[in-house]
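As written, the chain order gives the labels A, B, C, D and E, with residue 1 at the start of each chain.
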Amino acid sequence: MIPAETYLLLSAAIFCIGLFGILTRRNALIFLMSVELMLNAANINLVAFSLQHGNLTGQVFSLFTMALAAAEVAIGIGIVLVLYRNFTDVDVTKATTMRW
Amino acid sequence: MQSAPLPETLANLLGLDPNSTAVMIVLSLVGAGLIGTLMMTNTALAGPWAKRKITAAFTDRIAVDRIGPYGLFIIVADAVRLLSKELIVPEGADRPAWDLAPLIIASTALLGFAVIPMGNGIHLADPEVGLAYVFAVASTTSIGLVMAGYASNNKYSFLGGLRAVAQNLAYEIPLILTGASVVIFAGSLQMSEIVAAQQQSLIGPLPSWYAFVNPFAFVLFMIANLAEVGRNPFDIPEAPTEIVAGYQTEYSSVYFVLIYLGEFIHIFLGGAIIATIFLGGPAGPVLPGIVWFLIKIWGVFLFTQWARSAVPRVRIDQLIEIGWKGMLVLSLANLLLTAVIVGVTV
Amino acid sequence: MVALPDWMALAPALSLALASLVLLLADSVDPDTTNTGLLAGISVLGSLLSFGFAGWFITAGTGMADSTGVALFNNQLVVDQMALFFMAIVGSVTTLVVLASYDYVAEHSYQAEFFVLVLLSATGMSLLSAANSLATAFVALELVSLPSYALVAFLKENKGSVEAGLKYFLIGAVSSAVLAYGISLVYAATGVLRFDGVATAISSGTVQTIVDGSVQAQAGDPAVPMAILGVGILMIIGGVAFKTASVPFHFWAPEAYEGAPAPISAFLSSASKAAGFVLAFRAFAVAFPIGDLLAAGGAINWVMAFQILAIATMFIGNFAAATQETVKRMLAYSSVGHAGYVLIGLAAVSGSGEGLSLSMSAGMSHLLVYGFMNTGAFLFIALAEYWGVGRRFEDYNGLGREAPVACAAMTVFLFSLAGLPIGGGFFSKFYLFQATLNVSAWSLAAALIINSALSLFYYSRVVKAMWIEEPTGSRTIESYPMGLYTAVVGAALVTVLLLPGFNRVSEIAFQAAQLL
Amino acid sequence: MSNPWIAIGALAVVALAIPLTMMAVSSLLRPSVPEQGKRTTYESGEVPTGSSRQIKFNIQYYMVALLFVVFDIETVFIFPWTVIYSDAAAEFGMTTALLPMVVFIAILAIGLGWAWRNGAVQWVRSPRATKGADTYE
Amino acid sequence: MWVAALLLVTLLGTGLVFLSPDRYAGKLAAAVSAVPALGSIYMYWVYLTQYGGTGNALLSPADIAFGQQIPWITLGELEVSYYVGLDGISMPLLALTTVLTTLAIVSAWTPIDERQSQFYGLMLFMEVSLIGVFSALDFFLWFVFWEGVLIPMYLLIGVWGGPRRKYAAIKFFVYTNVASLIMFAGLFALVFSTDLTSLSLPAMAEAFRTASGLPTIAGVNLMTISFILMFFGFAVKVPVFPLHTWLPDAHVEAPTPVSVMLAGVLLKMGTYALLRFNFTMLADTARQLAVPLAIIGVVSVIYGAMLALAQRDLKRIVAYSSISSMGYVILGLVAFTPYGMGGATFQMIAHGLISGLMFMAVGVIYNTTHTRMVGDMSGLADRMPWTVGIFVAAAFGYMGLPLMAGFAGEYFIFQGSFNAPTLGGAAPVLTSLAMFGIVIVAGYLLWAMQRTLFGGFNLETDYEVSPAAFHDVAPLAVLLLLVIALGVAPDLSFAMIQDSISPVLEIGGGA
């Protein structure tokens, strides 16, 4: 069996890629994709350790994570759409009617 | 009927150790090559030749007959012709996506056959989640379609891609839900289990194929499958008379071949799924399993060709409304109905 | 004691869910309906039912097999006093919000959707109160979050609303990803997601598994990797910090609260925050008991982490609030500050037992009182928006002359938020203060006092504007919307009554925390 | 039983190899005669106007996609249930096994009904589309 | 029960007045506030006749008059209850509050002409809180009322005040709230280090007195630190130098009836709290710190008087002289002698009555002349003889004319502090210095009266300056009568005050 550390490294790498995308990209859609990456990193952990620990908890939870990720994207795209309608751009830094 | 997967059979045949990973990798490649060849042969037969002949027969024409017996060598001619054509990349194409799309369309369809039991031990792999896998792989094709449509930078292509996605989305869920209703009977997602479960006798000599046990689901699945593979009455993504050829308008040469072949492999994949989960897989009297399997998938192919010639194309609004308001509701009803039937009988 | 089936213990959540489904059905029957009364009526009924059930269960103990609560779905959900306490908060806040929304959405389209989303989010909050596993908690948390993203961006023609929705969503999505990753790490380390299982794994130091609903040691007794667990806990803290609008994930709060429709700001800043805290309370008290964690060589001392977060949140929230120009934004930042106060509930934990229950019940009590006063304050903003009063402090000048009742209610909210003994806010803050002194956390106590003093300064700016300043320009208030007025006055009444009645709240909270 | 995914991976290799081989063969065979006119996109012989990336398409595509995401994910939860259903029904009785799924599907159905009535799956809806104006579906 | 009845009646009256139309609000409020006033006078009489000789509410809880205790809240281990009761110290203050409120409300009929129902409602709300402050025997209850006074006061100054009312209101609010917090912190440092489980004032007094082994911070005992923090917190309310700067602003800007309440009752909250908390609960510490505290008191006396001397605004003069008068109270308190402490308490009552009287008189004059500047008017005696007569009498009371309450109060204080054991050798010096304050007061009051009231009338107005209305003058007369009554027969309250003070002196080790 492949050692658990490998999965951890893989998922950590994916998580960091996602995080990097979030921190550097300004396009809302790429941002969404990055979030998906991060969620999938979590899924990798869950599934890998589900196998490692020999119980199904992780796998089942990863199904829920996927479902929620999908719902999140659905909402997210909706918001991006109204963002585009209001600001004619999907750059997340363009919407600045309020100050931080 | 249930037999070991193909690589293992090969290992036993050759006297190699089936527990060695290296051996299995090599033998798997061999088995995969076998299955790939088999399916490509089928497709080559169907695409340039059978399709023409069948359509011609429906419309009372002759079609190809010049080269070889029944014009069979047109396959070779077409292959050479298409492969040696110039590849024209449209202006403003999104290059990586444009190149990847044909690859995806062709290979994902082929990949689905990994878990299909074809009889006589020709069954490459038998994972526990076989049915889920095959649905997953089959629906990946639409990514290729939308990539092709978007990357071409052609308005027809773009619309074709959009339509393809909308159509696949609308019929994917009824397809899967109907497939799930079969799982309720079989109690497993493993393809070999599903096939095995269909071997008992239903009434007399009639086997308990799920097409007989649950004809309602079978009909629904057939319709949804038509939409999935984009054949009439659900061929609006291509709709040559409206948007020329949809997502493949700008493709030429080998890329066109790949898309074209991919579609046919996809039709066969749909046939294979139907055969496996509704028609008892490779089961059948007298003839060997592989033959029965081929008969069944060609039967489904014939059905699509018949529909293509006989049924008019639906409009996009009809397509969506049939999918979401008709098929989805019916398939949900079918799922619950199946569950009740199974629940009462157990 | 009436014996009800076990699943009825979830009645507070179920009635909210049912109401949302009924609303969907109603909207399906007549999609173009503008019958706000019917829609709001269904919502109010559902949320009132939810509140009623929660209150009934708390007082009568109906359906409670014993004092530890009802475990459902293989212990994935536990309806105990704590869950019911928060369900009551959610129910009451939701009632106020939907009542107030009656007037607010009357002129908008997609009214049914508005109410459905509010109720679905409330359902999530209610479920979150009962979640006894990281899995159910995550699912419930998302059920809270997803509708609220849409609600914040509800005014889709309004740039501010859309921008707020976007920012809320972006930060929310990231933090839920962080939370999910944290959960996956905890699972990787302990082999379970259920809170009691995680606790067992930590205390025994070996990976656990769940067989037939009971926690057992994993075959071969592999050890829990504490470093992975520590990182997981840290990430869960991050997820909680987002939901509760605490530092460092608080950036969304002022934007979202300012841009969102005011009833939604009220909803998010009160109920949603309470939901985040119930997760934190339960997870950290049950799943990661600090004593065992440190004894097992845990890599992270979350009490310390929460102390830092609490102090930072209090100061950042209150100081930012003091510099604001608009009332809504001031309230938004002040609600960040209040998150800091409630964090004391986790920061002033000493070991387990009495110290834990004291600090947690202090946090819970503050949340309940805060639920009314803060909701009321935001609903007053909704009223002001309804009248077309501007956003800035100056725009509120002289409002007390035209709407004395509402302004009196607002005065009650603001002074109670500041901690003056005019409402329950005084006692709940004092309770927190007591909790800090109980563990001799002088820095927390000092931060609490300094920030309370500071908050009085900026809250009184509004009071000053409403009552003391002369009205500038001409402003006529044409109507006095019934729903909004009922909600605002009701919230004010409860806030005041919580001063003499605080004992009941703190008792229930204390019991609930003790039962954890 | 050996790991079935080795075989599936092998087929993936083959499934990629076949098209790639064809591409390679083709690239050896085919001529290349670049010419500006060839590369313009095909619009039934008209000179193409604008870019296809800028066209605004019907919002309905988006609505359908959203609906799909939701329903497709729900099938994830239906599949495990279908697998265990017959065993569960035999062991615990039909009601116990079926009721949760009935509730689940009922909620889905309410959602679908709502989407249906609110026109999410109604194709021609925007006034521009019904007027036959310059829009692409 | 009596106290609860007072609170409830007044609270109900508050609601009633808030909702009443503006035209009737004033009369209604006067009627409502007459109820607690009469009630407290009755209670006073009952106390005089039945409870004579009872002890201190904090030190001998068994002797509490009109006591009532109901459990209220349990916070962890802390028990909070609704606990009220009166003794010889709080009884006169309670009567002072209710009577003065009624009179202030009547005196507001003329000057207050907008948002009347809100004004009178707030006045009554303030009365509720004040009754509570003087009768509560549980810390939390007391604190609720203590803070409850702030809000109506803040609004009363802010809404109905003079031109700089916003500034004055905010300043008042900030000063007193910061002070409350500081006091709160100081008190709770002690509460939590003595493991108190009940926050009733008697229990606190007991616990603080017997507390031992308290931690020290930077070498200073926690008891001392808490004392200083609490003194600071209460001293702002009193106010003493140098924490007094909010007072002149508040007084000048507040409408007259509010000034009456502010000077007459609110300032007494500070000294009352000092007496209850610092000088009863922490008596030992108070004795140790007696000299610096006395110096603060004396400086307040002199400084207030000097500032008063420099003012030209009548209201400002009275305001600054209040600082001076409250300085005497501090001096009396630190003396820890029967006359010192008793006199200080008596002075609270006396000053409450006299300063109320003064402010009211100034208010009546202002209502008529629309100016308060000493230089702007003269010869008012011709035009409004009654008002001026009372004003002169009040001023003489302020200066300490014998047979007036002011004289009694100051005399007691000086007698008590002249050889106060706590002050040691400094006692005569400090007392003499404080006495000098009286001279200054006499100086500026005489000067002001001479300029304002006598001589030829020269105020130029476009209307006839006429005698004030009956309902303007009547409260003045009532107050003057009370001042004289207390001056002639100080034992009306001094006896009960001394009864309640003596236990404090005992535990403080005094005579």
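Methods note: a residue touches a chain if its C-beta (ideal position, glycine included) is under 8 Å from a C-beta of that chain, and two chains touch if they have at least 3 such contacts.
Labels paired with UniProt names: A = NADH-quinone oxidoreductase subunit K; B = NADH dehydrogenase; C = Oxidoreductase; D = NADH-quinone oxidoreductase subunit A; E = NuoM family protein.
Since the structure is predicted, the reported quantities are computational estimates derived from the model, not experimental observations.
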Spell out the chains that contact chain B while also contacting chain C. D
Judged by C-alpha centres, the chain sitting nearest the middle of the protein is C
By mean C-alpha coordinates, which chain is most distant from chain B? E
Which chains are joined by the largest number of contacting C-beta pairs? B-D
Gap in Å, rounded to a whole number, between the CA centres of chain C and chain A: 25
Dist(centroid_CA(chain C), centroid_CA(chain E)) in Å evaluates to 44
Could you put a whole-Å number on the gap between the CA centroids of chain A and chain E? 66
How many angstrom lie between the centres of chain A and chain D, each centre taken as the mean Cα position? 21
For chain A, residues that touch 2 or more chains besides their own: 71, 78
Two or more other chains touching the same residue: where does that happen in chain D? 72, 116
What are the touching chain pairs in this one? A-C, A-D, B-D, C-D, C-E
Which part of chain A faces chain C closely enough to touch in the complex? 4, 8, 11, 15, 18, 22, 28, 31-32, 35, 38-39, 41-46, 48-49, 52-55, 57-58, 60-61, 64-65, 68, 71-72, 75-76, 78-80, 82-83, 85-87, 92, 95-98, 100
Enumerate the contact residues on chain C facing chain E in the complex. 358, 361, 401, 404, 411, 415, 420-422, 426-427, 430-431, 433-435, 437-438, 449, 452-453, 456-457, 460, 463-464, 467-469, 499-500, 502-503, 506-507, 510
What part of chain A is in contact with chain D in the complex they form? 63, 66-67, 70-71, 73-74, 77-78, 81
In the complex, the residues of chain D that touch chain B are 1-16, 18-20, 22-23, 25-27, 29-33, 38-44, 48, 51-53, 55, 57, 60-61, 64-65, 67-68, 71-72, 75, 78-79, 82-87, 89-90, 94, 97-98, 101-102, 105, 108-109, 112, 115-116, 121-124, 136-137
Under the definition above, what is the set of chain D residues touching chain C in their complex? 107, 110-111, 113-114, 116-119
